[in-house]
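Structure provided below as structure tokens; questions to follow.
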Amino acid sequence: MRQARDCRDVAGVPWQLGIPAAIGAGFLLLPLLALVVRAPWRSLPTHLGAPIVRDALRLSLVCASSAAAAAVVLGVPLAWVLSRPGWRGVGILRALVTVPLVLPPVVGGVALLKALGRNGILGHWLDAALGVTLPFTTAGVVVAETFVAMPFLVLAMEGAFRGIDPGLEEAATTLGASRWQIFTRVTLPSVVPGLIAGTVLAWARALGEFGATITFAGNSPGRTTTMPIAVYLAMESDPDAAVALALVLLAVAVGILIALRGRWLDTP
Amino acid sequence: MRQARDCRDVAGVPWQLGIPAAIGAGFLLLPLLALVVRAPWRSLPTHLGAPIVRDALRLSLVCASSAAAAAVVLGVPLAWVLSRPGWRGVGILRALVTVPLVLPPVVGGVALLKALGRNGILGHWLDAALGVTLPFTTAGVVVAETFVAMPFLVLAMEGAFRGIDPGLEEAATTLGASRWQIFTRVTLPSVVPGLIAGTVLAWARALGEFGATITFAGNSPGRTTTMPIAVYLAMESDPDAAVALALVLLAVAVGILIALRGRWLDTP
Amino acid sequence: MSAADLTLSGTVVRGGFTLDLGVTLRAGEIVAVLGPNGAGKTTLLRAIAGLTPLSSGRLTLGTRVLDDPGARIWRSARERSVGVVFQDYRLFPRMSLRDNVAFGPRAAGRSRRQARTIATTWLDRMALGDLADRRPKEISGGQAQRVALARALAGDPAVLLLDEPLAALDAASRAAIRADLRAHLADFAGPVALVTHDPLDALVLAHRVLVLDRGALVQEGPPVTIARRPATAWVAQLFGLNFYRGRVTGPGGLVSLEEGGLLHVRLHDDIHDGEVVVSLRPSAITVHVEPPTGASPRNVWPGVIRTLDLYADRVRLDVDGTPPARVDVTPAAVAELGLAAGTRVWLSAKATETDAYR
Amino acid sequence: MSAADLTLSGTVVRGGFTLDLGVTLRAGEIVAVLGPNGAGKTTLLRAIAGLTPLSSGRLTLGTRVLDDPGARIWRSARERSVGVVFQDYRLFPRMSLRDNVAFGPRAAGRSRRQARTIATTWLDRMALGDLADRRPKEISGGQAQRVALARALAGDPAVLLLDEPLAALDAASRAAIRADLRAHLADFAGPVALVTHDPLDALVLAHRVLVLDRGALVQEGPPVTIARRPATAWVAQLFGLNFYRGRVTGPGGLVSLEEGGLLHVRLHDDIHDGEVVVSLRPSAITVHVEPPTGASPRNVWPGVIRTLDLYADRVRLDVDGTPPARVDVTPAAVAELGLAAGTRVWLSAKATETDAYR
Amino acid sequence: SGHAASPSGSTGSSASRAPSGASSAATGTITVLAAASLQESFTTIASAFEQAHPGSKVQLSFGPSSGLAAQILGGAPGDVFASASVKTMATVLDGKAASSSTPFAVNSMEIAVPPNNPARITALADLARPTVKTSVCHDAVPCGAAATTVFANAKISVTPISEEADVKAVLTKIELGEVDAGLVYVTDVLAAGDKVGGISIPAAQNTTTTYPIASLTKAANPALAAEFVTYVLSADAQKVLRDAGFAAP
């Protein structure tokens, strides 16, 4: 109550923002509503009981979380580097990093095969030297999802890194902090909201990823069959089942996001 | 030169960040490199000359830009509302807004059909009352792309809005600014980097969007056949042509992003 | 804006801190708010400005109720037309200085041209005309504070709240801006609250002083009274006075001090007994290197010089004795008497210079 | 850290501003840096701290070259071990105060426990022990500045740079922290640069004063000399002195002033002719309501009182005359002589009080 | 040629209803929604149809059969639907979006291998070798169902490394040498030219999938739609399909 009063004038929603926000929310939610309203509720339990669905769901969550983690580990440093001013060619690198967003996913899968497949320019060597083949493995799914999802994180984080006050980093240097200490103790804590947003973006994108995954990692149940692939296949034979599966995926994703929000996202 | 010296210690890249950043960049760029290296360079001019490609490219750019614009107009206010603290249920709304990210695009298309198709819950009424049908029109493409791309912008912007200093908004209120004036003159300028990042995300995602578009808006050359759809169809008959088309899309996207960066993105 | 009095009486909670206060700022009156760090000065301004709500009580401007949680009335900061200079400036980082200052007039509906003209006038007045096109990042700290001042004034507010508006200014600008502020505030019809750490600001600018401590009002009155008869040690120290607590023990104004020692004092206000506080100007104390004989001052006591500090035109001695005292002497006296740290001295003070009050 | 002198000679460019300077800060020496807003004080500290590079010249700490663009040598801020208190505090917003202060020790490789112990000690010393677990947002402005001070000191630096470390403190904390600072700085082996706007800080804390103006050094010397014989009107105003420029026109020290008027002065340093500056303490001027007759002061001139300001224990008169002057009198004198704005008065000053120098 | 599967609800009535004369009066525009694998043949057929029916215009919209079906059920405007899958057509019929459908082409299976045939595949039996990486379509899609039948007919047990979502995914992996062999349609091997090698499957072990076509209930131009369906069944159009590798139903 007091909190709410405290923010009243700054937090109130002016109509110029409220109206488009409501339209925007409606626009995003209406199709979901339609999906839910017209879902084949009666047959839902049948679909959900199938062990293949449970497998696919588990695999989806594992792979999307791994991909999001990989995207954070590699993407946050990359975003940080891209956000530093004064590097020559940084603009070009930044634009190139955006490319996987534009690439139709199937072509992304083809590109991954050409790079990391058995005959790919790096995959060839991986196969010969280390005996590692990525296609058709769960690792391959993670690779494909990371490839598709990481650019989202990188772009979101880059924006966040650019927004922070350089004064704090200066203060940290004068206190003798190394650049790594500055990054972990000053820079990163300042971009926690952006990091959360970026991670959610990457995770959600990875969870819904289909085209690149099926092209690069194929579809073998229990190993590479994620929910979106199961949905696609169900679409071929039984569109209602497909919608049901998609709803399961959604419900799980929303559930997880809400639970996480409650835990640590509303804290800072 | 002076500039570079000025930032040296804060801007230098510690190895703990440089190495993952390099791996990340390599990981994202290698597949593109593979695509380019193994592209059917000889046949490229033939593919590019085709008027259908020019049409698709034009349509892609027009639709993606419109979708990005729509996402900005609706998504920025939505992100702002979501970033305000103290709203009940905001966490749930935020999670729901993320859903279109998770939705496999084809299912997204189905959802749009169920909502805005001729038999859809809103589309039915649109058709009957206004005579508006979205599927199979260019407007339908924009709708599908907006639906898919907007959540990226919303999440990126929400992170940016949360990161800003409330002190400035307080200062603006005491100067008599309305909440709308505060938004346009204080809040929004503070999140320009995030806005740019979010818009690029949304634009790029819309440019590469395929599944929801073909399902909702179909494929009719000149009206709804965007580059990713053209790529998909080419894939059916001539995968090399598909790769060539994808490369065209990429080149154009990268070119535009680099040109824009030069214009206004390095300015602030 | 027609001028109106501002009345606040109630409590403001901010985190674990509570401010509990009843004050009226009259139209045209400049009220200096003094107090130690964390006393609640900024919190008071925030409550008036509409940035922190009252937890209980009521805030009115003339007949308009600005905040009354009991009656569920609340006017937002925007509707209050209160100009604020923030302690941390809060300039808009992506606007030029001119646009910063033009912000208020623009928000009030002026045309872009008019607003810019007003802003330019204000910047010129603050001697910042040359920097009008810079961003806040590109100016020095003191320049930033002057911009913040210009910005608040350009908004033509009904109430003016200044949170240490002169703190970052250099001495020359400070004198100039203080004079300018005085001139401007003289024309200003509404109430003005001025938080400051500089007693000079209070003395030169204010009609009345509020002293806050730990969220409560501890003293209130015209600057001269506060400066002469501080109610707390903190205020006494602020104005450079020696300050003792004691109790009237003898007739004719003999006070026995808490820290030890006795002083003959001038008793004010028909005080005849009980607890009093005593203040004594450092320049009203005379230093002797030998026990003064046959001198008129009734208070004489020995001590040892702990430190000497040279100020511009006097030397401040910190003397350990019963009671201890700070004493101001001329540099000539220091040389003449051969004063140094450790020197044993006798202090004398006339009873008429030694104010005792409650 | 073994103590070493810091020498800077060169130029620093920041935006369109250039600082051109040659100074040495000796180990154990406290140097106050004074100057108007925008003079380049912060820029100087930034160059020493390694936040802004020299454009030319060289910066050394003992035998170590910290910055020498000519020789392409550059030590980063991190390698310099320079403690900085920033003008805008720059506390880490997402850390508790304790973690803010522990940051330096942690960066220096102390264990978490040790660092926290050091931090707690420093916070206690700054009377902030109670607030150790708060975030910077949850404390007042003055408290924030004290945390910044504690943070810089806890890092155990080789050089200490303080950008207005006392500006936001209330008068009592200010005196206390100033004393504490003095005690701590006395133990401090390295050079200390202290930017301040308060001449008292310079007088009480510094061994030497640098006065900057528009990027250049305009005066340098011990605080007392600066206070007595200011080289510019700005410094004179800072220390509250009357200041005139003139030219020696007669024998025995008659100076004709630029603003008009003649003064008999005490000529220093074998000056016999040419341009001089003249300073005169406000308290060395006597006010008369009738022309003084047969008085010893050789300088007597009429004027009109423009304003009177009551300070704690004196009244400052601003008198319009040839030359104009600021004069300090006692409140008693004001009452006795019936002084008010507009009163016609005569001012007198002894030639021996009127310092002339170059 | 193979066994023509007769899907339920298909009566062939639409074929007999419209006269196959070129002098029909029907004009205007129709939208034909066709499976992506029909892209080349239908493009040719449509322009031939337009020539044969002056004043008519055929708009082609290719996509995955299931996506097209979803569009039709979602109310997308369309006149004719040519599906690559009987199952998908069935969902359209069940949804009352069409009243009947007619098979117009069948496709049979072939083994596809990378051009250099690294695993030296010569016959179906080779796919059962454990070292051979084989890719087929998933059961849910027609080419997967067909592959299952083929393996059953050949009485071999093949453990595919991946069950792809569509035949193009199989082809891509073969072209890039990611797998050693895969089962795809004859038409695909033909279309891929020299990027894959084809090894035909004896008729006894092979199977076919049927492509049904239907005019839609909500057709804006039912007359022209019916004529287009008829034309697809005509000899001219069937020749085009034959050239692309399809067999007659």
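Per-chain residue numbering starts at 1, and chain names A, B, C, D and E are given in the order in which the chains are listed.
Note that a contact is a pair of C-beta atoms (placed from the backbone, for glycine too) under 8 Å apart; a residue touches a chain by one contact, two chains touch by 3 or more.
Only a predicted model underlies this, so the values are computations on that prediction, with no experimental measurement involved.
Enquirer: Moving only from a chain to one it touches, give the least number of moves from chain A to chain D.
Expert: 1
Enquirer: What's the chain with its C-alpha centre farthest out from chain D?
Expert: Farthest from chain D by mean C-alpha position: E.
Enquirer: If you average the Cα atoms of chain B and of chain D to get two centres, how far apart are those centres in Å?
Expert: That gives a centre separation of 55 Å.
Enquirer: Any idea how many Å lie between the Cα centroids of chain B and chain E?
Expert: Using C-alpha averages as centres, the distance is 35 Å.
Enquirer: Find the geometric centre of each of chain D and chain E from their Cα atoms only, then give the gap between the two centres in Å, rounded to an integer.
Expert: 89
Enquirer: Taking each residue of chain A in turn, which ones touch at least two of the other chains?
Expert: 9, 12, 110, 114, 120, 170, 173, 178-179, 190, 232, 235, 239
Enquirer: Out of chain D, which residues touch more than one other chain, so two or more?
Expert: 50, 76-78, 88
Enquirer: Give me the residue numbers in chain E that touch at least two other chains, ranges are fine.
Expert: Answer for chain E, listing residues that touch two or more other chains: 67, 70, 73, 172.
Enquirer: Considering the complex alone, what residue numbers of chain D touch chain A?
Expert: Residues in contact with chain A: 49-51, 76-78, 80-84, 86, 88, 90, 92-95, 103-104, 106-108, 151-152, 155.
Enquirer: Mind listing the chain B positions that touch chain C in their complex?
Expert: Going by the criterion above, the answer is residues 167-168, 170-179, 181, 185-186, 189-190, 192, 268.
Enquirer: Can you list the residues on chain B that touch chain A in the complex?
Expert: 3-4, 7, 9-14, 16-21, 23-25, 27-35, 37-38, 73-78, 80-81, 84-86, 91-108, 110-112, 114-116, 120-122, 146-147, 150-152, 154-156, 158-160, 162-164, 166, 169-170, 173, 178-180, 182-183, 190-191, 193-198, 200-201, 204-205, 207-208, 210-211, 227-228, 231-232, 235, 239, 242-243, 246, 249-250, 253-254, 257-258, 261-262, 265-266
Enquirer: Per the contact definition, I'd like the list of chain C residues that touch chain D in the complex.
Expert: The touching residues are 15, 34-39, 41-42, 87-88, 138-143, 146, 163-164, 167-175, 197, 199-200, 203-204, 223-224, 227, 233-234, 237-241, 281-284, 309-313.
Enquirer: Which part of chain E faces chain A closely enough to touch in the complex?
Expert: Residue list for chain E touching chain A: 65-67, 69-70, 73, 85, 87-88, 91, 135, 138, 140-141, 160-165, 169, 172-173, 176-178.
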